[in-house]
Structure formats: C-alpha cells, structure tokens
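You will see subunit A twice below: alongside subunit B first, and alongside subunit C after that.
Up next is the complex of A and B:
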C-alpha cells in the first residue's frame, strides 16, 4: 500500500499545503498550475455530484478511483479541503483524513497564532507532524 | 438495491443515450402560516429553498405547487409571481409542495459534457504513470461507474453504493450497444441512439439484475 501525495486547500481555493511521498509521475506543469487544476476539478466534481445525485446529498463527493490510484476527499463545514491520493487497495482513508484535520491541522495551524489562515502553511512543526502521521499510518 | 440511470457518452463528449431507471421522487407537501419559516430564492429559473431545512424539505428543493396549482419558473398558471404572493399575509395559510429538482434532458447533456474533462484531468493529475480516467466515483447517495471502450465511448452507470457487480454491467451494456445500436443500419455514429431493440433489451437487463443479481446474466 502506498500514499502518493496530499493537498490541503482553503475555502477559496488557495493551496495551503502540499506534500508528496511516492510520486512517479510529474504532471509536467508548475505546482501552482497543478493546484489550480486540481481545485478546479474538485469544484466541478462537487457541482456534478450535487446535480446528478438522485437523493439529497449530505457529505457529497467521497472519492474517485482510476486504474492506478484513488483520490480521497474530505471537506470540512468551513470549506477546508483535504485531498489524499493513495493506491487502490487502501480502504477507509476517511478516518485518516479526519485525524489529519483534528489532530494535526487544528492543533498545529489553528492553535498557532503565527500561522495566517488562508495562506500557505510554513510551519515546520506542522510539516513534521503530517509526515509522522502519514508514515505511521497502516496505509503507507 | 437500485440502479438509477444509464448514460452513454460519445467519443467527443456528447450524450448519445440516457435511460432513467428508478429515480426516487422526493416530494413534500405542507401547509404554512405567515410568516414563512423557510427562505426561498429564485435561481436557475426555479424557486428553491435557500435556508431552513425542516420536515423533509431540504435546501435545494424546488417549489413545484402552491395550493395545488403548479408553478412554472417563478409564476403560477394565472401569472401571479410566487415570491411576491408569499410576502402578503392575506394569502396564508398556504400549502406549498416542494420536490428535489429533476434533471432535464438539457441538464443531462450538460452534465455529460462536464464529466468528459473531469475524466481527462483525473488521468493527467495521476501520481502514477499511464493511468486511466475515473472508473468509479462515490458520493454518499450514489456510486458512478464509468467504462471507457478502446474507441473512446463511455458507458456510465449511476447506482446505489451497495449494488454489486456494476462494473460488469457497464460491459454488458457495451455488448448490447454493439449488438443492437451499432448493427442497426439506421444508426449513425456519434448521434443519439434511438433504437427500440436496444432500449427494450437494456430495460430487461436492468430489471433482471435488480431482481436476481449480476450472476444470472
């Protein structure tokens, strides 16, 4: 099992944090452009899902799967978006994303007065904690 | 266990076939007193609930009838404006009927062409080389299966998340398409499929799967 990479977006589409562990394929565009492309895709998927859904959606989009990887998506009510790419074998990544939000983001970004919200996260401590959480999870 | 719909998208991204199977109707009728405790707004040519979910009336539901009279756009049949009418206390108590907006054919065509770039971007943003586009997309209310043939035609099935064997079904629909649509001399490629045999066979296939599962087909 592998975890490929992680994106965190703010509610207005700024890339707050990006990290990668096992990434073989570079998209061939700059990180900035890639983030925009990713956010645009997620935004479209969200509206696509709410329109095509036969019943009233509550959480909406959860994940999509391709032949090589699975993209897991978690959006908090405040609009923060966590996107994690793993291989297709990983199950129930949602718990991990929730952990990432409640145990790492809240603790080391929201509770850090020096971290500006809606701006890319610079904190070294946050980076270490994300890395530790991902590397110690059973999916890595 | 339900299958909600089958869509076929051509190589160029156009919707060439759609079949609604078992779309549940979400409807609530309720009588209200003045002042109204749900907030309504007018958007996309519909009067929709913007705030104040209650008793099965959810945000996003469209107003379909007032006192039993159907609403089109923001007007009643006799030309009265619904939102203005709801602001006047003398019209109350009033019975309003809300339902989840059904997709129109135009919206389906729009959604089909929207899926096309999503599929492409998903393969471009892949962390692994040589990756396909979206094969399964899951939300809390449905799961979407997409099978792209070598010729670029996409077979999309929207079903309940617990319905098993849907990836096999996409291939079965492909078979039906090859047998009944492509072999029909009156069908031209990339055009909407209007072949009776294809539709009846698809209908029977979906019904058997819902009744007895994928293993019997």
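Up next is the complex of A and C:
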C-alpha cells in the first residue's frame, strides 16, 4: 500500500501545507497553480454532491477513485480540508485523517502560539509529526 | 442541533479545561507584546508581574494542607513536586542547588513549550523566551508568599526543555 501526497487547505482555500511521499507523476505546473486547481475541483465536487444527492447528504463528499489512485477528503466543521491520495487498496483512511487533524494539527499548530492560523504552516515540529504519523500508519 | 455542554461527558479528557489556560496564556503574551512600541523587555516585566500576583494567590490554596515548611529547600521541593504537577501535570525533572540560595529547576518538557519545537529544534528559539515570563513570575510570587524573596530568570538552550534559575535573597 502507498500513500502518495497530502494537501491541507484552510477555509478560504489557502494551501496551508503540502507534503509528498510517493509521487511518480508530476503535474507540470507550479505548486500554486496546482493548489488552486485542486481546491477548485474539491469546491465543485462539494457543491455538486450536495445538489445532486437525492437524500440528505450528511457528510457529503468522502472520496473518489480512479483506476490508479484514491483521493480521500475530510472537512472539519471549521472548514479545514484534509486531502490524502493513496492507492486503491487503502481502506478506511478516514480514521487516519481524523488522527492527522486531532493529534497533529490541533496539537502542533493550534496550540503553538507562534503559528499563525490560516497561513502556510512553517513549524518544523508539525512537519516531523505529520511525517511520523503517515510513515507509521499501516497504509504507508 | 446537538447540544453539547462543557461537562465531563462531552469532554472526558478535560481537554477544554486544560487548554483553556494555554490559549489564554498565548493571548496574554501576544497582547502584551502588541502593546509594546520599542522596548520589548520592559513589556515582558508586566507579564512577569501578572504571574507574580497569580502565584502569590494560588499558593495559598495549594499549600493549605501542608504543615509549615522546615526550611528553604523544603519550600523549593514542594514547588518542584506538588506545585508543578498541579499546574503543569508533571514534576520538575532536575533540581540543583549550591546550598547558598541559588536553585536551578530544569523541566525537560515544559508544557508551554512542548508544542513548539522538538528536541534540539532551533526554529522558534528566539521567540520562545516570551512564553516563560509569566511562569517566572508565578514562581517568584509563590515563593514570596511562602516567605522567600527571590529573583527568577529562565533560560532555554534547546526546546522544549527550559531551566528556571531562582536566586533567593538572604536577609
């Protein structure tokens, strides 16, 4: 199993954090453009899902799958968005994303008074902890 | 909508209560520094003074079950164990003294620094001292109410550990 890369977006679409572990195919555009593209797509999917859903969509968009990879999506009530690309074998990544949010983001960004919220995350400790969590997960 | 109160059921770990102090402390530091025009050092002393008042009051309650302390070292020991674990949920890791009124309290994972940098991290080293001013005052205030007039300074060599130097003034 593989985890490819991770994006964290703020409520208003700023790319807070990006990290990659196993990415063979580069997008060929700058990171800024890629982030915009990614956020735009997520935004569209979200509104698509909530409009098209025949029932109350509850949590809404959870993931999509292509022949090669799966994109997992977690949005918190505060609008923070976690996006993780894995291969198709990985099941139940939701727990991992929740962990990323509650054990890493909350602890090392929100509780760090020297970190500005809604701006790209600079903290080295945060980077380390994300890396450790992903590498130690059973999906890596 | 689900109604969630801040009772123990909704918050079994007490996360809300524990982090309340951390968040408030962070805001105090930011506020005090934002008021500073030029001399940051001067502003930190206000923070230290707040700590002093809090320490002076809080020690009344924390030490109420204790009999009187034998000597100065006894007081410091109480600070290192009971006082510290009530406030920061751990004890001081290392206590050293020259037996002439100078004490060195080392905390290898100080709570207010723990989320900022890992072992040996140099990233926020320059900004970190401002997070210690309040705690210095806290120590000075509690010692003052126990009868030991002192000066307290703090030192960070590598996050997240820090050392508090206490210098008791002998009469």
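In this section, the second predicted complex is superposed on the first by the 140 of 140 C-alpha atoms of A that agree within 3 Å, B and C clash if a C-alpha of one lies under 4 Å from a C-alpha of the other, contacts with A are read in each partner's own complex, and residues count from 1 in each chain.
Everything that follows uses one rule, which is that contacts are C-beta pairs under 8 Å (C-beta built on N, C-alpha and C of every residue); 3 or more make two chains touch, one makes a residue touch a chain.
Just so it is clear, the model here is predicted, and its values are computed rather than measured.
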(message) Should subunit B and subunit C be called a clash or a fit once both complexes are overlaid on subunit A?
(response) fit
(request) Using the touch definition from the top, say if A:125 reaches subunit B (first), subunit C (second), both or neither. (result) second
(message) After the superposition on A, what does A:4 contact: first (subunit B), second (subunit C), both or neither?
(response) first
(message) Can you tell me whether subunit B or subunit C touches more residues on subunit A?
(response) B
(message) Tell me the contact category for A:81 with respect to subunit B and subunit C: first, second, both or neither.
(response) neither
(request) Have a look at where A:72 lands relative to subunit B and subunit C in the superposition and call it first, second, both or neither. (result) neither
(message) So in the superposed three-chain picture, is A:114 touching just subunit B, just subunit C, both, or none of them (first/second/both/neither)?
(response) second
(message) Minimum CA distance, subunit B versus subunit C, superposed model, integer angstrom?
(response) 7
(message) Looking at the complex, which residues from subunit A come into contact with subunit C?
(response) 107-108, 111-114, 122-125, 128
(request) Note which residues of subunit C are touching subunit A in the complex, please. (result) 19, 22-23, 25-26, 29-30, 115-118, 121, 123-124, 127-128, 131
(request) Give every residue of subunit B touching subunit A within the complex, in rising order. (result) 4-5, 23-24, 26, 58, 60-61, 100, 103, 107, 111, 114-115, 117-118, 121-142, 144, 158
(request) Would you tell me which residues of subunit A are touching subunit B in their complex? (result) 4-5, 20, 22-25, 27, 34, 37-38, 40-41, 44-45, 48-69, 71, 85
